[in-house]
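Both complexes shown next keep chain A, but they swap its partner, so chain B is in the first and chain C is in the second.
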Partner chain A sequence: MEANKLNTNEELKTHKSPSGFSIIWRELVRDKLALISLIFLILITAFVYGVSFVLDQEEIVTVDLFSIHEPPSEEFWLGTDYGGRDIFGQLIIGTRNSLSIGILVTLMSGLIGIVFGLVAGYFGGHVDNVLMRILDFFQILPFLMIVIVFVAIVPKYSIWTFSLIMTAFLWMGIARLIRSKALQEKELDYVQASKTLGSSNIKIIFTQVLPNITSLIIVTMTLNLAGNIGLESGLSFLGFGFPESTPSLGTLLSYARNPQTLEYRWWIWVPASVLILLLMLAVRNVGEALKRATDARQRRG
Partner chain B sequence: MSEKLLEVKNLKTSFRIKDDYYAAVDDVSLSVNKNEVLAIVGESGCGKSALAFSIMGLHNRAKIEGNILFKDQDIANLSISNLNKLRGKNMGMIFQDPLTALNPLMEIGDQIGEALLLHNKDLSKTKRKEKVIDLLNKVGIPRPEHVYEQFPHELSGGMRQRVVIATAIANEPELLIADEPTTALDVTIQSQILDLIKELKDDMDAGIILITHDLGVVAEMADRVAVMYAGQIVEIADVHTLFEKPLHPYTRSLFNSVPNTAQAKSKLHVIQGIVPSLQNLPREGCRFSARIPWIDASAHEEHPELHEVSSGHFVRCTCYKHFDFPEGSSKEEQHHGIS
Partner chain C sequence: MIDMWKFTLRRILIMIPQIILLSILIFILAKMMPGDALTGMIDPNVSPERLEELREKLGWNDPWHIQYADWVGGLVQGDFGQSFRFKMPVTELIGERIVNSFWLSVATLIFTYLIAIPLGILSGRYNDSLLDQTITGYTYLGFATPLFIFALVMLWVFGFMLGWFPTSGSVSPGSEPGTFAYVMSKINHLILPAIAMALIATVNTVQYLRSEIIDTKQKDFILTARAKGASESRVYNRHILRNSLLPIAAFFGYEITFLIGGTIFVETIYNYPGMGLLFFESITLRDYSVVTAVVLLFGVAAILGALLSDIILSLVDPRIRIK
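Showing the complex of A and B:
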């Protein structure tokens, strides 16, 4: 009898709803691809940020005319570019710069977009109207042209200022998305029910509506992260990103605009392209697993 | 005489449709006493829920005119922050659909605990948990410690409705508005939930507004009944009077439309036509006249008012005096006494 009671008690304990990190962890373990992607991301992030403490950016980007266009060797693991600069070192610093910009832009544009969208969608009416017209104004500004002008007139820009200028034109998409979701969500009974309990609007927005759209936010931000890394690479590729003295994955790619480099010197641009591809895929895989973890209805187990 | 808890005076709630305001609740006056169940009955779209939402202050963009006196304080035009001090503490609401009334991402314990926390900031975490488990016990949830940590999707509909009720009564409100609390549940659970609400009423001495379209529920629960049609109250009386001597044509038609096993062979009475939409609602004359076209127009009042036919029994318009069901549609009007 006693043992029986104990048993059911233990059973109850195992039936307890899992929450927080354990759910995310279980979801990741179940999805091998996501787990591998996550490990890859952690390793590469730790590696590039760790190594770039040791590496001297100045030394790597210094032109060395005696070793132009050298193929991979013991001295230069991935060869050199037309300035005799070590590609491997540039790759590490470039990945770090690209990742930093991608993460910064994603976080900043996400933060602005979420708050903006939630407020507009939740309150609706006149508030929504005014906020959406402001958003429309930002949306019609020609992003590429303004970035190009910015790059031309500001003599020395850092990762921070470059991220800020990108953020200024990239928060609208997520704001729109969050607004549309908030418009739906606020009509649901649980929001009304929360009001009948005496919750304030601000509290409802951030403790009720926000958690219910996290899956959307995470997926969007993840895709944005991948997109922002791509966007930065694209700008650098076109020559409107960072100068060659501040390498990013995009600057390495832009060397491939030279047909000879494209055809005969694969070591300059192939590693960067592969890395961009792998980074984007890995980020997306992890995002998918997170999405399932945050939504009880989509969990695998 | 029992105390008046809530008094609604000439309430008019209008919604904006294409730049014009249309009243969904039109000139409604009623009152609820302590330890009393007032049932509001009517077809879908007659303004029952709009009335409930107006009382709770949930309509953001609707125009609300008239007075809603809660313990002699006018809450119709109270600021949100002042209203929030009352909501959840002095008045609670039970929602129709337990599937959507709970936040899908919050544990049951947190949802009920939130109601406690909002009105008592000093409540410690352990005390709060104790109280939530008490509440879960009170609404008849088995193994409350276990349910405390579950999410809404892990519970059945009946259980969820119990949780919704537990949330609404967490702070022992004096006024409880139940907006069709049993519509989404099956019959056996329905009676359990109704018993529960009844018990709570007796325990807490609360006034309850029960919104429903189920006349069986009304007979079971209500002390007084208000029948609504097209945004207006057409008849209001205590439950015995209404069930024994319904007067307004709409009330009588409603009772006549209840399936009856004793007359299983006869055809079920159907009220002709549909509830007109908000924009097409006749604002002049008797609003029910279009659905009883065989009654002569002179029977209706030009500006129908509530007439007191006996103490506490009000009927709108004079057409009830001349009303009868058309021949052939129904053999004999059934009488629904309450046993």
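Showing the complex of A and C:
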């Protein structure tokens, strides 16, 4: 019975090949978890960016010595930290900052990785060899330590330098992936045909090969976003991410490095932990659904 | 076999420029760090002119390539300079700390494989059962949980709330080295951080083993073994496992990279005096000669780990050798 239904479905589908968006949409609707995750992400993004227009970061991070370490109450929904700063406000600002830096780093490392991978894969041969040795070297570096050292010694440290440092050591994964795809792609007829017609290499790479691998790029960058949110919060947790004046979710967790806070003042660090976990799970769920949508063999819908 | 040696040799040759590049990068970083070893030993009675003289004598006004050569020369002889915070040679300091980190890593690896192999096998053997779904659920959550959050929660629950494990240090104060109680106290301090790290580190291995076993159990040679009348346990233990465990062994080297990142978080959270905590303390207190040495050692460890993995992989899969 079930098999029959599937068969008729298959037949219906062959009539018209569905557009990219409708495939993704169908996959998301089939995968309830991914749909819920997507709605959650949209709501929370809209909420934190919306509220932070009203909410003043300066006001949130101003030290208030009369309300240090208050437990959750009517006035402070999630209590206060050691500087008397409202945790709930910091949570909103922190989520916004974590999301922003996650997206920024993902986009920048994606850009470098895509260009690097496309050039290595498309030209192949010696170019590929040299570029891949450079990539190997970056990949072998102890990422966390090098980033921390850079953060500690860079003068005029700001959000921008922080994201640049992270980007500098995070582009390799996507570059490798794009390269292997570009190696396959350049053997295909359309590239050969375009070459015969006399298109320049740059034109082929960026206007012909690139559009053909967009789905791979979108999937990888979505999955990277989850990882980058985790990395940023980890660095902030150690005290080498955002300064306290621009709290991120990791900053709230870093207060738990104090055993007193860890043991007795859960309201400071538990909400941020849960939020990081939920954000990472939600982004990953959406990413996995997108991945299935782009691979016809794995599609559920 | 000749192939094998050729591959290993070529792989080692690739490693040498990597180590040289790493050392240059770290040298540049060290030069960018504010202050030098003399700022650390500063004595108000020494005049700035005398300091300048000392700098000249120690060769710090030489061109960079000579300084680099001197620095590398020192490293080769095991001279990493002086820690200004601990007032002792960096080599000695690291010697103390590296033992703790070594045992923590060993414990973590033991727990990782103790957890990962049974879970992976069960999950692959009974795939799509309730048990498999539970294990897959664990890997799904474990994959998304950042190590430091998990380590914090473990410390909170088992260290503070239940009080089953000590919450900081590597041994109880006052224990006598060499006694049985000392060793037990050491182990007791290791368990919680090691399990915390292992539970996150297993995730990849479990997933890999599961899909390997699911793949392998439909292959022809397994059907043949079953057709010959081999018992189910023999099929799994003799035929399937042998094929699936080797790649797991190959990941061993890459685990080192994870451990390096992991120790910084876990040792900081559990206040465990190993290399990770040493790195964290030194960079916070700007004790740069220590920072340089730790980064260099960890970098070399990661390079060696990758080498080890590649060699094991080439043993397992001959296709890798022909490249």
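Following the convention adopted for this analysis, the second predicted complex is superposed on the first by the 224 of 301 C-alpha atoms of A that agree within 3 Å, B and C clash if a C-alpha of one lies under 4 Å from a C-alpha of the other, contacts with A are read in each partner's own complex, and residues count from 1 in each chain.
The rule we apply is simple: contacts are C-beta pairs under 8 Å (C-beta built on N, C-alpha and C of every residue); 3 or more make two chains touch, one makes a residue touch a chain.
No experiment lies behind these values; they were computed from the predicted model shown.
Between chain B and chain C, it is C that contacts the larger number of residues in chain A. Once the two complexes are overlaid on the shared chain, A:Ser180 sits clear of chain B and of chain C alike. By the touch criterion defined above, A:Asn201 reaches chain B but does not reach chain C.
Touch criterion not met for A:Asn258: it reaches neither chain B nor chain C. Looking at the shared chain after the overlay, A:Ser273 reaches chain C, while chain B stays out of its contact range. In the superposed model, A:Ala193 lies in contact with chain B only, and not with chain C. In the superposition on chain A, A:Gly125 contacts chain B only, with no contact to chain C. By the touch criterion stated above, A:Pro211 is placed in contact with chain B alone, chain C being left untouched. In the superposition on the C-alpha atoms of chain A, no part of chain A is touched by chain B in one complex and by chain C in the other. Partner chain C is touched in their complex by these residues of chain A: 133, 136-137, 140-146, 148-150, 152-153, 226, 230, 233-234, 237-240, 253, 256-257, 259, 262-263, 266, 269, 273, 276-277, 280-281, 284.
Residue ranges on chain A touching chain B, taken from their complex, read 12, 15-17, 19, 124-125, 188-190, 192-201, 208, 211-212, 214, 296-297. Against chain A, the residues of chain B that register as touching in their complex are 53, 56-58, 60-61, 80-81, 83-89, 91-93, 95-97, 100-107, 114-115, 118-119, 143, 146, 149-151, 153-154, 164, 167-168, 170. Residues 14, 18, 21-22, 25, 29, 32-34, 141, 143-149, 152-153, 155-156, 160-161, 167-168, 257, 260-261, 264-265, 268-269, 279-280, 283-284, 286, 291, 294-295, 298-299, 302-303, 306 of chain C are the ones touching chain A in the complex.
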